[in-house]
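Consider the two complexes below, in which chain A is the common component and chain B and chain C are the respective partners.
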Partner chain A sequence: MVGPTATLTPLSRADGSASYRCPSTGSNILGSVNAPVELPARRDALRPEDATVEVFVKPGTAPGGVGERYIENVIKNMLAKLILGREKGYARRGVVITLATIGGESVGRGDSYLTLLPALIHTALLALLSAAVPLSMTFSATVLAVNASGEITREPSEKEAAAATSLHALAFSSKGHLLLNESQGAFDFDTWEKVHARALAICHGTLTRTSDGDVAMAEDVDGQPLEGTVRETVEDKLHQDYAWKTDAP
Partner chain B sequence: MNKEASLSIAERDFILNALREDVRLDGRQADQFRPLTVSFGEEHGHVKVQLGKTSLVVRISSEVAKPRDDRPFDGVFTIALELTAMGSPAWENGRQGDLETYVINVLDRVVRHSNALDTESLCILKGVSCWNIRADVHITDYDGNLIDASCIGIMAGLQHFRRPDAVVKDGQVIVYGLDERVPVALNITHKPLSVTFHTFDEGKRVILDATRKEEQASEADVVIGLNNAGDVCYLSKFSGSPVDAMVFVNKSSVALEKVKQINGIIDKALQTDLAKRAKSGMAEESRAENDREIH
Partner chain C sequence: MAQAAASAAQSAAPSLSLPPSQFARLQPHAYLLAHLSPPPATNQPSIRANGRAPSQFRVTSANTGSLTHTNGSAVVRLGDTTAVCGVRAEILHTEDIASWSVSRSTESSSAPTNKRRKLTDPTTKPNERIDSKDEDDNESHIQDFNLLVPNLSLSTGCAPGFIPGAPPSTLAQSLSHQILTLLHSTRLVRAEDLRIWYQPPNLGPEDLECHNENEQMDVDASQEDEKNKEIKAFWVLYIDVMIVSLAGNPFDAAWAAVLAALRDTKLPRAWWDVDNEMVVCSDAVSEARKLTLRGLPVSSSFCVFEADAASGWRAVVIPDAEEEKELDDSARKGNQRRWILADPDGYEEGLTQERICVVVDKEQGGKGKTVIQKLEKVGGWTADAKELKALVDISAQRWEDVRRILNEQC
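What follows is the complex of A and B.
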């Protein structure tokens, strides 16, 4: 299985940005984060001690609609819990996340964004890291399709997703806790349990917990665990950025 | 919001005084564009434009739709541009600012109203179905001269795009997939591009392709839209202080030269992309045999 490819900070104007290419759907997502920014006063009335997280999803070849507004809400609710909005300089400010599909297949008008959800939140995470926004944890996510005979497909293509009886998007924190669970279609608990186990293996590999609570990751049939891919992308970027320091004699 | 932080007085004076000595911040001549690169993505009609630090992505898409009732023979062509916080932190998501309306208006007039894309060729069946061509402009980095950059992107995209083939058989419209039949290029009647000038120092200094800071320090802007043949299809002096009539006369010839130059860059990029596609063995697109009719 070919993993996703990502680049950190491709843009110059935004505070942080990431471009992400999902191998299964072929979608190319560009994300940008501006934080902390001044927001018009009316929005911070409810929680003055916290930062306001705003997510904007822009489809590639169609005007935005209900589908975008819905998925924006899902992403916002998830990220708002991870972003440490009470850190110094963040209270009463905004964290504005913009995600645009700039290549590959777009989600059709009124279609579900579930297949694209992992790509969107991975892009958002990398952009947040690139903008150095304080986060309580990192995560990785995947989407699985279950067809009529109970077979589970990882990151289904558009065709496979259309033929599936149920679709599940799951995100796990860096410690392996379930962060996001969005499903659509008909399924029973047993199916979900199987999906959950498989998704955990995709994101974290076969888990081996050491005594101090660290999670060691190993490769299995699903190739390199996604958590590692996200980590490596950031590591590579840091390595590049600090080349002047590390390569110096 | 929706407005860039304004320049400090010192910065404004610096730009102005430097221009009085014929020096621009980035060392360009007054009539010189920033380095321009046009590149194409995997799919047809996917263009990346980089003009100095301004960069954008244009995606052209097509779908079959019903033509408008008053124009049954015409297809539909729309240009969609939405400024998001991605391009500049000053832009607010989901709220239309002055710049956005202005740029959309100019693009509409230069590309759409000048009939660069022949909409009549998009008709499939009179009054029943036609092609709906949509150009989406995603601004990824904003450093001035949005109009020219978007115009270059849209025109390059239209020339690069291939729509699926569609035929009418017994009153039925059949659309063939991209792998079934060779996709069709759009019918481009001419290649108009816009060239934006900014004036300084009571109209005495006129520069081309201003950066964001130069735009902010300028008094007024003049947009000239014209094609390779030198036909002026758009001329505007939208806001700001008055501009001498001679500026329009003198700068149209400068604009013509630039349009030819930029169209040359686009053509070259298109040819390189075509050669690359031919090499990567697009057997379906390059084959010459006739489709067989199976009854």
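What follows is the complex of A and C.
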């Protein structure tokens, strides 16, 4: 299976940006982060000691609608918990995250964003890292489809998602906590537990305890764990940026 | 007299203790925490500031059919949160649907084969036959032609934060969207209930032939009728929800109101009048029929209250998920403690970030196993598989309560 590819800082004007492409769902997202910025005339300053996180999602072909408001809210609630909004220089300021769909299927009225959600939050995470926004942890996410015979498909295409009985988008923190779960369609809890185990394996690999108690991430049928992909993207970028220093004799 | 009043005021003034209501406003987090974790010496049970146990829902009441100008309506009260829902049916002519002729040509090729299979297979149980009908590809009509239009309004002066008459807030928009996706994903309304058919009179000579023939011929004739039948219009259901009073948990109240209103909805008998080329509806109330809904999905929302007010930002070491699994709830101490609160009110919603929403249904009217229709968890890392399992069980109990409340109405 072909893994996702990502580029850090493709945009030069924004504080941080990332583009992310997932070949199996066909989604291609470009995200930018501006932080910390002064928000003009903030009337909703409910928590003055904290930073305000704002998320904008732009669909591919249509103007944004109620579906985008909903998914913006979900991403915002998830990220607001991870962004350390009380660090120096962040209180009373804003973290503005803009995510634009530049490829893949568009989402119609009343359709869910579940297939796009992992790509959206991965883009947001990489853009936040690129903007050096303080975060309490990183995460990785995936979407799984369960069909009528109970088979689990990883990152389904639009067609597979339409045929599925239930769709599940899950995000795990770098420490293995379940950060986000969005499931829809009819399923029972046993199915969900299987989905949860599979998603954990996709994001973190199969955990193998070595004799000295260390936990190592190993590759399995799902290829490289997504957590590693996110890490490597950032490492590559850092290596590139510091090439002048590290490669110097 | 005046002297007595003055001395009374003087004796009251030096008191430095605060009444509970002021403490609740000044230190909301500490106030709720003090209620949930009473000192062990006092022997008081852990209880929420509103007097409920952590997994207790507010008193729920439902009232249907209150609005006379709608096809179906309901008022659902969940404590101080009140949602009014009205369902209004309007007719959508197929000739007004731009993509109708295209979508019909693809469906006519598959539909007759479907029907034939159903008719020639007498071994299927009636229940399964309904199911196979459900799987009809025409079920996509509801989504393709937007036959369900829910809208939720919060601009009613329901809570101080929402200005009456203002454009729909982000919350209102995302709630409308949640209702719409849930209506689509649970397939609550049957597309067949919303179709208005036209059956052309069978004028062919073969009609007379097979009148007194055997059963097989009868089946053929009905099949022939099925083929000639034509959808002329659809009912579009406009589902409007007004949150009249908002004290937390608007989604549960709104969804319960939508559910109760749809159960109450009656559509008049409608048919295509060939001579006038229009859809005509019958006046007779006796001819109106109710919608036959699929199941009864009930939503329950929860929030997670953490003892550490600064858990979101202070640079604490968050234990690994593996380590945390071994940590039992009773073993948690100090700032690590957390409580999962069912049906949060406005006060609790302001103090929590992590939200969980579970929509469950039970097969065969409550006797079958629990089916989850939606499981949403966002805004934190507290609730993992173990906690979610417990919440699904609580939601299954809640399903029984809501069904009883809704059945009292109908």
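By our rule, the second predicted complex is superposed on the first by the 238 of 249 C-alpha atoms of A that agree within 3 Å, B and C clash if a C-alpha of one lies under 4 Å from a C-alpha of the other, contacts with A are read in each partner's own complex, and residues count from 1 in each chain.
Everything below uses one rule, namely that a residue touches a chain if its C-beta (ideal position, glycine included) is under 8 Å from a C-beta of that chain, and two chains touch if they have at least 3 such contacts.
Being a predicted model, the structure only gives us computed values, none of them experimental.
Superposition model on chain A: chain B and chain C are shown accommodated side by side without a clash. By the document's definition of touching, of the two partners only chain B reaches A:30; chain C does not.
Residue contacts after overlaying the shared chain place A:136 against chain C, while chain B stays out of touching range. In the superposition on chain A, contact of A:85 is made with chain C only, not with chain B. Rounded to the nearest 10, the superposed model shows the Cα centres of chain B and chain C diverging by 100 degrees about the centre of chain A. With both complexes placed on chain A, chain A has more residues touched by C than by the other of chain B and chain C.
Residue contacts after overlaying the shared chain place A:187 against chain C, while chain B stays out of touching range.
Of the two partner chains placed by the overlay, only chain B lies in contact with A:17; chain C stays clear of it. Contacts of A:70 after superposition: chain C is touched, whereas chain B is not reached. Once the two complexes are laid over each other on the shared chain, residue contacts for A:177 go to chain C alone; chain B is not touched. Superposition on the common chain A brings chain B within a closest Cα-Cα distance of 5 Å of chain C.
Shared contact residues of chain A with chain B and chain C: none.
Against chain C, in their complex, chain A makes its touches with residues 50, 66-67, 69-70, 72-74, 77-78, 80-81, 84-87, 109-112, 136-137, 173, 175-189, 192-193, 196, 207, 215. Every residue of chain A that touches chain B in the complex is listed here, in rising order: 11-15, 17, 28, 30, 32, 34, 37-38, 40, 54, 56, 58, 60-63, 96, 98, 100, 102-104, 106.
The touching residues of chain B, when paired with chain A in their complex, are 1, 41-43, 46, 53, 55, 57, 59, 61, 80, 82, 84-89, 93-94, 134, 136, 138, 140-143. Interface residues of chain C, counted against chain A in their complex, comprise 143, 146, 170-171, 173-174, 176-178, 180-186, 312-313, 315, 318-322, 324, 353-355, 361, 369-381, 383-385, 388-389, 392.
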